[in-house]
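Shared between the two complexes below is chain A, which has chain B as its partner in the first and chain C in the second.
Now for the complex of A and B:
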C-alpha cells in the first residue's frame, strides 16, 4: 500500500516537525539515513515500553512526530489495517509491545485528538561521556523528557493551583475593586465648572 | 615581476663589476658566468631601465612579500591561556526564573530540575515495578497500570477494573494525586 495514499487520509499530527538536520549517530552503524532510522526506532520502542523516557533534547524533538504518527495509525485505522500492522511491526520490534500498543495505549486516545505525547525540557546537565584510561570526559547535554499522555507516573508539571483564595489575591482584588469604584464615582459626579 | 627581476640582475652586475676590479688577474667563476649570460639577454632593454630604485615606494613594493608573516612564535601557554580564558568559560545567563513551588532557579525555557528530581525518583520506582514481567513465558504489558501505595485502602473496583495493580512499599507523597473516577 502506498504510504502517501495512507497519509492523505489521516489528520495532521499536532506536534512540531523539526526541519533542521539532526546528527543521529549510533555506535556500530555508519552514519546514514538507515542509522538515523535505527536511532529513531530505538527511541520509539523505548518510549512505548516505558511510557516516559529521558533523552537528548534534539533526539526527543526528532522522534516525537514518529511516535505521534504511530499512535495515530492505531487510533484512526485500527489493528487490522495492513499498513498499520506493517508500521507497528517495523517500529516496535518486540511483539509484546505491539500488544501493549493496541490494548493499552491506543484505547486511551480513542476519543482524543493529537497530540498524544508531551515533551519537557530540563536544564542542561553535565554528564560523564566516557572514561579513557585514567581520564574522565564530561560533557553538557540538553535533556528532554518524552512521555505518552495518560501514563501512571506522577505528573511532571503540576496543575495550576487555584490561588483565588489566598490572602494576597483577596487583598489585591479588593484594592482593584475599590479603585474602580472611586473612578466610577468621579465619573458620575457632575463637574462644577459646567 | 620581470621588471623587478631585471633590476635585481642589474644590481648583481654592478656588484660583480666591483668584485672583478679587485680580482682582475683571474677570470670570473662559472656561476658568475651564468649570471653574465642571463644578464646579457636583456642587454638592449637594460640600457633603457634605471640603474637603481627610483623611489621608496618601488623598494617597498619589492619587499612587500615579506610583510604577511608573523614576527614572533606564539608559545603553547599563551595559546592555552587565550583558549580557556574566563571570557570564554564564564558567560552570564540572563533568562533565569524562580520556580513558584520550590524557589529553585532555572532557565525560563526549561522546567524546574529540583521539582523534577522527586518525580524522577518515584517514576523510577514505578518503572521497576512495571518492568517486572517475563515476556519469555507469555507475560505481556496488556493492561493499564494502577499504582497502590502502602497504607492505602483498596481502591473501589470501578477504578481498578481490569487494571494491573502495582504495590509500592512506601507512603503516597502528598504531591501525587490519587486516581479517581472523574479522570
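Now for the complex of A and C:
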C-alpha cells in the first residue's frame, strides 16, 4: 500500500513500459515472478555499475522502466526517504552502488526531467543459447544497449553533421532535382494516342 | 575515322608528357614542355638542393592541442607531419591550412613541401569549414587524373586543356587536343574506364610544387602550381588532393567533338563518401544529360 501511495506522488516516467511482460528466465531459478525480478535486479545492478550495458533487446526494454523509477526516486525523494532507501537496498544489493547512485548518478539529473536513460538497438547477433551434452545450440537475438545518460563513454550515435555541401550531396541533390523535373515533363507531355 | 581499340592501351615509348595550360600562350615566352625532368628542375629551382638538410619545427593543430613536429625544410610535406600523429590522420587529409611564422595563411596541397616554420591544420572531406575548397580541389584532381591516364593510354601525342568547371555542373571535363575530333566509341570508353580504374587503384601521389610568379614567367608555365601524377606533369591553378587513393567511384561517361579537339566528360565521388549503386547511377545519368545539353 505504501508503494502505491508513493507512486501516485511521483511524476510519470518518460519511457515506454512494455504492455506484455517478458518471461525472463535465468539459470537455477524456476520461471516465476521472483525469477523475473531477479533477472531485472541483476540488469539494473549491472547498469548502475557500468552505466552502459549491452544485453538482449527484450531484457533491456523490460529493465529500463525499473531503472528509470529507481533514479527518479533518488531525484524526487532523496536518500533520507524510507521508501527510497528500501528500494535502493533491494535493487542494488552491492552497497557501494547505493553510494554511487546517491552521490554520482542522482546529482546529474537534479535539474532534468525523465528520461534519464537511453536505449539503442544494435544489429541482431548470434549467441550461444545452451549446450546439450556435446551439442551447442545457437540462436539469433536482437541486441540492445541500455545506458545512463551522462556516462563518460563516447556516444553511441554520432552527432548529425550538416553535409549538404559535400560532393556527394551536391551531385545527388542536383540529380534528384533533374530526375523529378524529367518525370514532371513526361507527365505533362500529352500521350501520343490522344 | 574512329581510333582502333588496340591502340588505346598502347603505352607510349616516351616517358614524358606534354600538357599546356588553359590560358592563351603569350608570344614572348613559349609554353614549357612539361615533363618529369622539368618538374624536378623546377623543384630544384624553387626549393633548392634536396641534399642540404635544414630542420624546422612545424606545429600540427588537432582538435584539442597543437603538437610540434621536427621536419626537414623544403623536403618534408604536411603529409609527413600528419604521419607523426597517425597514419589514418594523414590518409584522411585532403588539404592543409598553413599559418607560416612570416606572412599570411594559405591553403595548400598535403604533398607540397614546407618552406618555413608554420602551424598547419588538416582539412578533410568531413570538415565543416572550407567545404568549397575541398570540392574544388577534388574536382580539379579528377580532371588531372583523367588527363594522366589518357596520356598513358592513348598512342598518339595529345595535349590537354582543363576547362574551368565546378561541382555544380555535375561533371568534370578535359579538352584533348590531337585526336582530330575523333570521339571515343562505347567500346573504347569501356576500355578507357577499365584502364583508368586500374590506374587510380595504384594510389599515385599528387606531387605539387607552388611555383612563384617570377619562375613561372621565366619558365613559360601557365599556372601557379605544377602537379606530377606518376610520370605525367600538368600545370594547374590550385591545390590538389593527397593521392588517387581518395578517389572513390569514377567513370568517364562520354566524349564529344569540339572542332579538332575532343572534350571528355566524367564524374566521380570521393572514397570517404560511399553511396549506393542506385544513387551512383542517378548521379552518373544526370552528369551524362548535363554534358550532352552543353554540347
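Basically, the second predicted complex is superposed on the first by the 156 of 194 C-alpha atoms of A that agree within 3 Å, B and C clash if a C-alpha of one lies under 4 Å from a C-alpha of the other, contacts with A are read in each partner's own complex, and residues count from 1 in each chain.
One rule holds for everything that comes next: contacts are C-beta pairs under 8 Å (C-beta built on N, C-alpha and C of every residue); 3 or more make two chains touch, one makes a residue touch a chain.
This is a predicted model, so every value here is computed, not measured.
Ranking chain B and chain C by residues of chain A touched puts B first. In the superposition on chain A, A:167 makes contact with chain C only, while chain B stays out of contact range.
Using the contact criterion defined above for the overlaid structures, shared-chain residue A:190 touches neither chain B nor chain C, since it reaches no partner. Legend: residue contacts after superposition of the two complexes on their common chain; A:175 is shown touching chain C, with no touch to chain B.
Of the two partner chains placed by the overlay, neither chain B nor chain C lies in contact with A:28.
Remark: chain A residues 161-163, 165-168, 170-172, 174-176, 178-179 touch chain C in the complex.
Across the interface of their complex, chain A is touched by residues 125-126, 128, 131-132, 135, 138-139, 167-168, 170, 267, 269-270, 273, 275, 279, 282-283, 285-287, 289-290 of chain C. By the touch criterion given at the top, residues 49-50, 52, 54, 94, 96-97, 99-100, 103-104, 120-123, 125, 145, 152-158 of chain A touch chain B in their complex. Of all residues in chain B, those touching chain A in their complex are 101, 106-107, 109-111, 113, 115-116, 119-120, 122-123, 126-127, 130-131, 135, 140-147, 166, 173, 175-177.
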